[in-house]
Amino acid sequence: MSKGRLEAFSDGVLAILITIMVLDMKVPQGADVRALRPLLPVVLSYVLSFVFLGIYWNNHHHLLQAVRHVNGRILWANMHLLFWLSLIPFVTGWMGANHFAAWPVALYGAILLCAGCAYFILTRILIAHHGRDSALATAVGRDVKGKISVGCYVMAIPLAFVHAWLACALYVLVAVLWLIPDRRIEQTLTQQHA
Amino acid sequence: MSKGRLEAFSDGVLAILITIMVLDMKVPQGADVRALRPLLPVVLSYVLSFVFLGIYWNNHHHLLQAVRHVNGRILWANMHLLFWLSLIPFVTGWMGANHFAAWPVALYGAILLCAGCAYFILTRILIAHHGRDSALATAVGRDVKGKISVGCYVMAIPLAFVHAWLACALYVLVAVLWLIPDRRIEQTLTQQHA
Amino acid sequence: MSKGRLEAFSDGVLAILITIMVLDMKVPQGADVRALRPLLPVVLSYVLSFVFLGIYWNNHHHLLQAVRHVNGRILWANMHLLFWLSLIPFVTGWMGANHFAAWPVALYGAILLCAGCAYFILTRILIAHHGRDSALATAVGRDVKGKISVGCYVMAIPLAFVHAWLACALYVLVAVLWLIPDRRIEQTLTQQHA
Amino acid sequence: MSKGRLEAFSDGVLAILITIMVLDMKVPQGADVRALRPLLPVVLSYVLSFVFLGIYWNNHHHLLQAVRHVNGRILWANMHLLFWLSLIPFVTGWMGANHFAAWPVALYGAILLCAGCAYFILTRILIAHHGRDSALATAVGRDVKGKISVGCYVMAIPLAFVHAWLACALYVLVAVLWLIPDRRIEQTLTQQHA
C-alpha cells in the first residue's frame, strides 16, 4: 500500500486547520486602530497555534519520508493524530477569547499533550512495522525533543491554575525548541543526557 | 483516463468535511470549565462523524488502490458519494445542538444510509468496468461489512423514535465493526454465513 | 512548465467551493422535522450548485488531460475561471435564502454565464498554445454543449424577472445536458446541426 | 528531501485562503438588487485580494519549479510566507466592511509588505541553498518587480492616512504590474534602470 494518499490527506487536513483558525479573528466593528486592540490575545493565540501546526506538519513530513509502506493500523494511528490536531482551532479560539484564562490555557495544554501522545503512538507503530534497524527507527532515534515537549505539557496543565502565563511560557518554550535548527540542539541535549 | 485527480479531489473534499465540522463547536462565552458542559453532545457527535468520515476515507483509499482506469460514470458515482458525505457536517451539527433528539438522530441514520448505498453503487460500477474476475472484484468480495452496516442504518431510523440512544448505539456498533482490524472479523462473519 | 500544480490548485479550490456551501445550511433551532422545512430552498439550491461545480470539475479534468504544457497566460485564464466559480457559494446562498426570487435567480445565471465564458476563454487559449491540429483541439471539438449552455444562461437572466422558475428550469436543463453520458447526445446534436 | 509535499501543502493553504474570503460576503437580507449595494466594497476588496493571492500562487509555482531540494530552513521560510498570506482574508474583510477607511487600508498594505519581505527571504534562502550560479538564481534574477512592489507598499502605508484611495491605487498598480506578461515589462524596466 502506497503512502501517497496518506500524505495528501494529512496535508489537506493540516492546511485547512492552519487556515480556518483565521475565521476566529472576527472583523472588528470600528475602522479605528483601537478596534484591533481586543483582538490582540486572539492574534497571539493564533500565532502560537500556527507555529505548533507548522511544527507538526514539518515533523510529519520528515517522518513520512522514511516510511516505505503503510497498513490499516498506520492509517488509523495517523487519523488519531489528526483528530487531536483538529481540536486546536477550538481551544485556540477559546483561549484567545478569554485572554489566556486558567481553564482555556490548561485545556490547550491537554490537547497538545494528547496530540503529542498520538504522534508518539504513530512513530511506535511505524517503527514496529518497519523494524528496529530500519532507516525510520534511526531517523526517529530517542526522540528527546518529543519527550521534553510532553514533560512541558504535563507541567503546564496544573501551572495554568497557578499563573496562566507560566503555562503559556512553557508552550512557547516547546515551540522554540522545535524551531531551532535540529542538529545543534539535539547534539547538546544528547551530550547532556550522556 | 488516470485516477490521480479523482483521488486528489476526493481527498480534498473529505479533508475539508472532516475539519469544517469543528466550526460547529462554537467557542463558549465563559472562561470556566462549566462553559464547556453544553458542548458535550456537540463533541460526542463530532467524534462519531470524525470516525465515520475516517472510515469512508480509509475504505475509499483501499478501493481506489485496486482501480486501474476511470470513466465518466465512475467520476459521477464518486461525486454522488461525496454529495451524501457532504451533508454529514450539517446533520452532525443538528444532532449535537439538540442533544440527540429523535428526528436529528433519524436523519443522521438516513444520510449514513444514503452514503452507504452510494458507496455500494460506486463499487458495482467499478467492478462492472474492471470485470468480475479483476483484482478489484476480489478485493471488494461479498462486502459483508457493508451489508451489515446498511442493515443497522435501516433498523436505526425507526428505532430513533422509540429511543434515540438505541439508534446511536447502532451507529457506534457500525463504527466499531469497521475499526476492528479487517481480516479476523471478516473471517468470523464469513464462517457464520457459511 | 508542468501542469501538475495547476491541477492540484484547481482541485483544491473546487473541493473547497463544493464543501463550504454546506456552511450556508445553518443548523435549525428546533429538533422537530418541521424545523427543516424552511431549509428546503437552501437544500435545493445547494444540490443545483453541487451538480454545477461537479460538472466543472469533471470537464476541467477532461480538458487538462489533453494538455501537454502550460504557461503564464494559461495559469491566469484558469484563475479567471476559478474566480467566477468562487462566487457560486455566495449566489447559491442568496438564492436559497430568498426562495428563488427574481434578482437572486438572475444573478445566479449571470455568474454561470461568466463562468461559462471563462471556461470558453480557457479552452481557446489552450488550443492556441497547443495548435489547431492537437489532440486537445480535437477533444474540445465544436463544443456544442458549451454553446447551448451559454445560450440557456442568456435566456434565463431576463426570464428570471418574468417567472423565476422558468429560469431555474433552464439551469436544471443545462445540468441534465452535461450529466447525460457524452457521446449519444453529442452525436444527436451534431446530426441535428448537420 | 523532495519538494512535492511542500508544494502540496502550499497549494492547499493558498487554495483555502483564496476561497474562505468568500465567507466574508454575507448573504444579504433582501431579495432586491439594492440589497447588494452595501456589498460593493466587500466585493472590490475581495477581487483585489483574489488577484494578490493568485499572483503569489503563480510566483510560488514558478519559483518552486527551479528548486531541486529543500531543507528545514526552507520549510520554515515557506511557512513564514504562508503566515502573512493567511492574514489577508482578515484585512480584506476589515477593509471591505469599512469602505476602505484609512487604518484598514494601511494595515492591508502592512500585511502585503510583510508577505513581500517573507517572499524575498524565501528566495534568498533558496538561492543560498542552490548556489549563486544555479538555474534558480538566474530565474529569480534581480527581481525588479519585487523591489518596486515593496517600494509601493512602503509609500502606500502613510498615504492611506492622506487619502486612502491613493494607497488603493498603488495596490492596484502593483497587481497590474504582475499581471502584465512578464518579459516585456521586465525588459523595459531593466533598460530604464540601465
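Read from first to last, the chains carry the letters A, B, C and D; within each, the first residue is number 1.
Throughout what follows, contacts are C-beta pairs under 8 Å (C-beta built on N, C-alpha and C of every residue); 3 or more make two chains touch, one makes a residue touch a chain.
Treat the numbers as computed from the prediction; the structure is a model and nothing was measured.
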Homomeric contact chain A-chain B: same or different residue positions, threshold half: different
Greatest separation from chain A - chain, by CA centre: C
For chain C placed onto chain D, the superposition rotation in degrees, Cα atoms, nearest 5: 90
Chain A-chain D separation of Cα centroids, rounded to whole Å: 27
Inter-chain centre distance, chain B versus chain D - centres from mean C-alpha coordinates, in Å: 39
Contacts with 2+ other chains: residues of chain A: 8, 12, 15-16, 20, 23
Contact set on chain B toward chain C in their complex: 1-2, 5-6, 8-9, 12-13, 15-17, 20, 23-24, 72-73, 75-76, 79, 82-83, 86-87, 89-90, 93-94, 97-98, 101-104, 107
Interfacial residue positions of chain D with respect to chain C in the complex: 7-8, 11-12, 14-16, 18-20, 22-23, 25, 27-28, 30-33, 36, 47, 50, 54, 57-58, 61, 64-65, 179, 181-182
